[in-house]
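Both complexes below contain chain A, partnered by chain B and then by chain C.
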Partner chain A sequence: MTVDILLQREPIVLKTDVPPEAGAVVRFEGRVRADEQGRTIRALVYEAYQPMAERQIEKILRELGAKHPCLSVRVRHRLGEVPVGDAAIVIETLASHRSEAFALTAAFMDRLKQDVPIWKMKALDA
Partner chain B sequence: MSTPEPLRVLILGPLRDQLGCASASVAFPENGTQAAFWKALGEKFPVELPKHLRLARENEFLPADATLHPGDELALIPPVSGG
Partner chain C sequence: MTVDILLQREPIVLKTDVPPEAGAVVRFEGRVRADEQGRTIRALVYEAYQPMAERQIEKILRELGAKHPCLSVRVRHRLGEVPVGDAAIVIETLASHRSEAFALTAAFMDRLKQDVPIWKMKALDA
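Coming up: the complex of A and B.
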């Protein structure tokens, strides 16, 4: 399984050439909502402990890839100010069949929210 | 006997704002245990630290039974909130 990880300050643009052996492409986008704990906001500010975040994302993907064999996974996470409506995270998983791609993508999001040192530092009011 | 080299602790995420610094030097705890480290950290920062802080070394979370070494660079990881 190939793994491609990028933590970036720029908006996420992912274009994929899907190889013929991929029967499933699962893409998850986690977007910044306008409502943050009852407040109307215009953006969230993210920060990472970058070397460890990248290391942990790769480790989690390798672990999950052994359980749910996929062809490739690409992960992009924004850092800095991310406006409402923008994707803070995009995961794109290619697999031969949908079940593995769905399972890996869902499990990865759960693990990201437990074990990857990235933080929402503050919410900027609208 | 010489004093063991202190630990360098990176203070990350929201915890940095709470403690007002990005790193700290912490005296090497007795026997290098994590329990002694947390005690020393609490004495250095006499504020209510968040629950569920974790320690990392070389970009990996430390298992609860891992021993600290003099001069270690540790990262203090508050609860994460990515995605």
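Coming up: the complex of A and C.
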């Protein structure tokens, strides 16, 4: 399984390029919402302990890939100020069949929130 | 939950347009693979009993939406000859939070295969 991880300050652009052995593409985008725990915001600010975050994301993907074999996974996470409506994270998983791709992608998002040192540093009011 | 369904003979192009209340976008693409049960193929040919298929898709989405509340779901399914590498189906689900979007999308794909009169009529050899 190929793994491609990037933490970036620029807007996330992730073009799908699908090899002929991939029957399933699952893509998840987590976007910044205007409503943050009852406050109307214009942006969230994300920060990370970057080298550890990237290592941890790779470790989680390797673990999940052993359980749910997929062809490739790409993860992009944005850092710094992310305006409402923009994606803070995009993950795209390619697999021969859909069940593994759904399982890996959903499980990764749960693990990301628990185990990776990336955090919402603050919310900026609208 | 808004529902938008189209069975079409043209390649599927589904541009994401995300409202600010959507925190989660889950997109699944099911693509035609070169390997069809051990044969190398160049295309699959899909046919449908179209009016019933569209009604059935809507019914399934309404049922799943009651269980996993989402903001919107769009489904595109291709009919006729679909070359290897092209998407036969695309579903894109928008929700406030990711768990409902993952659950609805994955469950829909299981139900589609079981309960909707769309079938692979034949495979064309490479």
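Please note the rule applied: the second predicted complex is superposed on the first by the 126 of 126 C-alpha atoms of A that agree within 3 Å, B and C clash if a C-alpha of one lies under 4 Å from a C-alpha of the other, contacts with A are read in each partner's own complex, and residues count from 1 in each chain.
Just so we're on the same page, a contact is a pair of C-beta atoms (placed from the backbone, for glycine too) under 8 Å apart; a residue touches a chain by one contact, two chains touch by 3 or more.
As the structure is a computational prediction, the values presented were derived from the model and not from experiment.
Asker: Does the superposition put A:W119 against chain B (first), chain C (second), both, or neither?
Answerer: In the superposition, A:W119 touches chain B alone.
Asker: If you stack the two complexes on chain A, which partner ends up touching A:P20: first (chain B), second (chain C), both, or neither?
Answerer: After superposing on A, A:P20 lies in contact with chain C but is clear of chain B.
Asker: With the two complexes superposed on chain A, say which partner A:E29 touches: chain B (first), chain C (second), both, or neither.
Answerer: The second partner, chain C, only.
Asker: Counting only touches as set out at the top, which of chain B and chain C does A:R98 meet: first, second, both, neither?
Answerer: Second partner only, chain C.
Asker: Which partner does A:V84 reach: the first (chain B), the second (chain C), both, or neither?
Answerer: Touch partner of A:V84: chain C, not chain B.
Asker: Touch test for A:M109: chain B only (first), chain C only (second), both, or neither?
Answerer: both
Asker: Quick one: is A:R55 in contact with chain B, with chain C, with both, or with neither? Answer first, second, both or neither.
Answerer: first
Asker: What residues on chain A does chain C touch that chain B touches too?
Answerer: The answer is residues 30, 109 of chain A.
Asker: Using the touch definition up top, name the residues of chain B that touch chain A in the complex.
Answerer: Those in contact with chain A are residues 10, 12-14, 17, 56, 59-61, 75, 77-78, 80-83.
Asker: For a test of understanding, state which residues of chain C touch chain A in their complex under the given definition.
Answerer: 16, 18, 20-35, 84-85, 87, 96, 98, 101-102, 105-106, 109
Asker: Touching chain B in the complex: which residues of chain A?
Answerer: 30, 46-49, 51-53, 55-56, 77, 88-89, 109, 112-121
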